[in-house]
Amino acid sequence: MDLFIHQLFTGLSNGAIYASMALAIVMIFRTTNLKNFAQGEMAMFSAFIAWWMLGLGVPYWIAFFITIAVSFVIGVLAERILIRPVMNAPLLSILIVFFGIFVILHSLAGWIFGYEVKVFPSPFPEEAVFGTYITNHELGTIAIVGAMLLAIYAFLNFTKTGLAMRGVAENQASCKLVGINVNWMLGLGWGLAAAIGAVAGMLIAPVVYLDPSMMSGVLIYGFAGAILGGIDNPWGAVVGSLILGVVENLLGTYVIETELRLSVALVLIIAILLIRPNGIFGRTIVSRV
Amino acid sequence: MSTATINPVLEPVKAPPGYVANRAILTGGSRQVTVLALIAVAIVLPFVLGEYRLFQATQVLIFAVAILGLNILTGYNGQISVGHSAFLAMGAYATAILGIEFGMPYWLAIPTSGLICLGFGFLFGFPALRLQGFYLALATFSLAVALPQLLRYKGIEQWTGGVQGLFVDKPAVPAGLPVTPDQWIYFVTLFVTIALFWAAWNLVRGPVGRAVIALRDHEVAAEVMGIRASIFKSLTFGVSAMYTGIAGSLSALSIQFVAPDSFHMFVSVTLLVGAVVGGVATIWGAFLGALFVVFIPNVAEQISSNATWAVYGAFLLLVIYLMPNGMAGGLEDLFRRLRARAPGR
Amino acid sequence: MTNLSRRTVLAGLAGASATALAAPHVRPAGATPGVTDTEILLGQTMPYSGGASGYADWGRAEVAYFEMINAQGGINGRHVRLISLDDGLSPPKTVEQTRRMVERDGVLALFGSFATSPNSAIHRYVNSRGVPHLFLASGASKWADPENYPWTMGWLPDYPTEAKVYAQYIMENDPDATASIFYQNDDGGRDFYEGFKAGFGDQVDRYLVGEQTFEATDPTVDAQIANLQQSGANYLFIIGQPRTMAQAIRGSYDSGWRPNLMINAGSASVSGTLEPAGLDKAAGIMSVAFVKDPTDDTWADDPGFLAWSAFMDEWFPKGRKSDVNTVYGYCMAQTMEQVLRQCGDDLSRENVMAQAANLRDLALPMLLPGVTINTAPDDYRPIEAMRLQRFNGAKWELFGDTIGG
Amino acid sequence: MDTILQTRDLHASYGAVEAIHGINISVANGGITALLGANGAGKTTTLRSICQTVSTRGEIEFEGERIDGLSTEAIVRAGIAHVPDGRGTFLGLSVEENLRLGAYTRIDTQNIARDFDRMYDYFPRLKERRTQQAGTLSGGEQQMLAIARALMSHPRLLLLDEPSFGLAPIIVQELFRIMQEINVDRGVSMLLVEQNAKLALDVADTAFLMETGEIVTSGDAAIVKEDETVRRAYLGY
């Protein structure tokens, strides 16, 4: 029983990490209908920017917010410079551009900052408040992910810009016809996703340590979690990630050998997708002809 | 004329899910001459190139087959797979295990490995049918992640060699042939490549190919025309897996070693890069893509050994921006422009 | 304008691949490949890209070392050039790069290629071709097989032997304890695992109560640590990449389990592993050593250490002195240097192998006192001696006698 | 009656293919102008040209100002709303969200609330389905939604592309009745593209007739309607 509770908490805190990444993925999907798999490397790069500033003696929270702002700008610029020219190209070309961004950021980070693992500080105090099952940083991560979720949900559902963004993801031509500047919305979506990714990177780095490869695993899990829950839905992405974190741990503990748990988790996700093609909480867009 | 209305004809030109199909640089007789000339060059090549260059040429052919396999699925049928490294691994391991456990000669092991991948691809294609776009990508990706893990699994390591991998014997040169083993594996690869490209060339132009392309461009309409989507798509998946599996088999014979690390999911992305950079839904693009994925990393390493992959990524973006239809499309544009310039044509 | 630039780029691409294809392969007829009157050519593959890039300074230190030797006049009047190519730890790429170096660049020998599966991929190739394949940066036991693979020789103490040291330590010093193991699910990890089990001999079931693995892609390993904790073992032996090892050290501490930890020497870097884990949490960790730890001030006035330090300052300023991989690279390059010096002017591949198998009590400046390199035609294990060390929260402290050797 | 929209020598093309070849049309302020013609005559392209969603050459003047060369968004802000062919509904959004997007360019919050009520008055069915996903609406309801969405931007000129397309006659009648009502109540000028010429000529004041990208004739709707030759040759009834 003790082991079960322990694994449950561990799964939840892992799930929160996946969820922070999943939120960035959902954000960009909600604006552009694209699933940006360079998102993880963008988050990694953001974390390095923060680390660099902390090294210069900038206080944590100032570095935190500057990093978010810088990442936002980088996101907007990435959309403008790298994605805009291929916006009307087939999906595959865009995928390859994502891959290009992925390898460039990875390689540059290694070149500039080095490949050895680095300690990234947590903003939360180290003394555990709630026993040994869960650290303060993990609790803090869950709280921040929750706050981001609420903010994203409110932004998308209760603001005009958020509504416009959802419109852009669905039908760019119609958006122009109601007077929305689609280009700006796409840029904004990339910027916000990069900003969310920056938060994710800064939350994940203290746990997995900072190095250019820090996101390689998290990205897989983040995507899997987002797709499991429903990639068009921030709630679904978070819940999907938490489920993935817990189920994966329990599988690895009680059912199969740990080395197979990712494979089995992915097979389960596919099985679920076969039954619910838009994820557990995903919406199907009905179209009556 | 009745008042029954049909929507206005003029629609903005939308990009199809893949690229415009079948861009042919050359047509008719001149094409045949070119192909024959290329084959002739390919046959002379091993007697001109040094050993290492010959090895690279073999790798280019192997990658071309693997990329063609992916292209059949992704380019012609519009299904994106980021899991083809799994079929590469399957073909390679099948050849290794058939040789080691059953003593099967390589010339039998190559087609057998292909058939095993065909079967597996077909079976995988069935559930994959229900998934589209990125969900299919996730499913195939899972395959690429899971297979190396399975290959390392202790329970089956007596066959797979587990984390250590397996050695594969190089095909023996038939008695009396005045070629080295390296030249022989090149010729075996060349023979298989020509056969598979010829088959693909005919396949996409025949009724089956038209059905597959129709499914890509408009599934519902194709079904109305009587094309059984489920069978065709699964079959496409199978054929695609077979091509890539055969490439894996050739790769095992030429590298002489298979290990789980050889089939990292990164290889899947490399194949996809080759397909897009070469030109999706082109037969010859696979060759250009193979040249890119084999040579550009080395060129990038020469430019910067510290940030090799940043240079590689820059090359990649450059190709995508400058040649949106891949190198095959880009070359076609180039030819057209040159021809337009040439006086008296 | 766009037309122009597009064409220029195309031409550039075509030009690049044309040069790549047209490069001639020059080899003076009759002579040993890679040897001229003025130069000796060596080759290696390293993971300069991909997940194992953290080890790349091992290779960079070696390249830098030979640059230093060259500046000092080379070896017997010849400069040594080490070609160090990226394989991203992918075996097919290793084969390609190795064949390039052997067949096109014409290296005399391969030296210090990194990791087990890349070296496995070229194991047969180099042996069927008769290319010296020396001093691999891998501790798999299969490299010491002169009968079947006479051209391949490792350098590190082999992994199973290292693992046995830990098992025997537990049995001798804490016979009532139980142990667990947590290893990366790859060839290196499996070597340690098998060696650890073998170290307990027929008592393995009595001692080894928990085992878990991890993948390089696992974002966290808390789940495995929780499972190991459940086993209640007193000892935890961790093998793997520094990032995961640091997580495991921290996790086993934070969870309140706090077993006695042992880690494999390859990842026992203070700056690379223990600092990220937290020095307080790492206090008490055991490992083995055969080189002087560069962060240990015991060696502050040691001439060997000072020579290494001077080398780092002048020839490899970008490398971090706290990174033990640079020490490994330094020592390995010195071993290679010794082999080449012993060869004199007979730089045939056969003689290179013969001299590599003829190292006698070679004491290198950065090897621990008591650790020497010895090889013979039937002994392809250059380093067999090692010493136990314990981390005191600030630095490694050696204890006990030299083991093996 | 003065003119709200005037085109002069307007050309439009899709890539290399020119679809309309220098047309001159004008829309009367406060009136309903019909643009008629067969399939492929260039009617839809004409509407798209006005909104600048295709590339054009020539002049377009709206309320005395040149709008050719402006972005689509700017044209919408200037006071033109377009109900495109295929309706352009945001299928995944709710009915209310579709309407909110229609009012995207407006900042007069109180008036927006009032306009919501007005739209629901015109189209009571939309009110019933306010929170439903727009994709679940029937064709007629979607057409109503498209018109309501366009009106939410408070336009002075409404471009309508085949509002009757695919709808049952009884729905079409209701739709056209409401359109006329809006035209009269709110003074919104309309440029109506229709295949159903008879219907269009019943509500329009003026009509332009297009064939293969050119205007072949124009005039008072009532006269066009009675002109036997025009009817036979171009309108097919």
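We just call them A, B, C and D in the order they show up, numbering each chain from 1.
One rule holds in what follows: a residue touches a chain if its C-beta (ideal position, glycine included) is under 8 Å from a C-beta of that chain, and two chains touch if they have at least 3 such contacts.
Keep in mind it's a predicted model, so treat the numbers as computed, not measured.
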If each hop has to land on a touching chain, what is the smallest number of hops from subunit C to subunit D?
2
Counting only C-alpha atoms to place each centre, which chain is farthest from subunit C?
D
Distance from the CA centroid of subunit A to that of subunit C, rounded to the nearest Å?
35
Calculate how many whole Å lie between the centre of subunit B and the centre of subunit D, each centre taken as the average of the chain's C-alpha atoms.
49
Roughly how far is subunit A from subunit B, centre to centre by C-alpha average, rounded to an integer in Å?
32
Going by residue number, subunit B touches two or more other chains at 145, 149, 152, 306, 308-309
For subunit A, residue numbers touching 2 or more other chains are 107, 110, 220, 259, 262
Given the complex, residues on subunit C that touch subunit A span 49, 51, 53-54, 56, 185, 212-220, 222-224, 226-227, 229-230, 242-243, 246-247, 254-256, 271-273, 275-276, 320, 323
Within their complex, subunit C touches subunit B through residues 3, 5-7, 9-10, 13, 16-17, 20-21, 25, 48-50, 85-86, 89-92, 95-96, 99-100, 102-104, 117-118, 120-125, 185-187, 189-190, 215, 217
For subunit A, which residues are in contact with subunit C within the complex?
2-3, 6-7, 10-11, 13-14, 17-18, 107, 110, 114-119, 128, 132, 135, 204, 207-209, 211-214, 216-218, 220-221, 248-249, 252-253, 257-259, 262
Mind listing the subunit A positions that touch subunit B in their complex?
35, 82, 85-86, 88-93, 95-97, 99-104, 106-108, 110-111, 220, 223-224, 227, 231, 259-260, 262-263, 266-267, 269-270, 273-274, 277
Mind pulling up the subunit D residues that touch subunit A in the complex?
51, 53, 71-73, 76-77, 81-82, 84, 88-93, 97, 100-102, 104-105, 133, 135-139, 149-150, 153
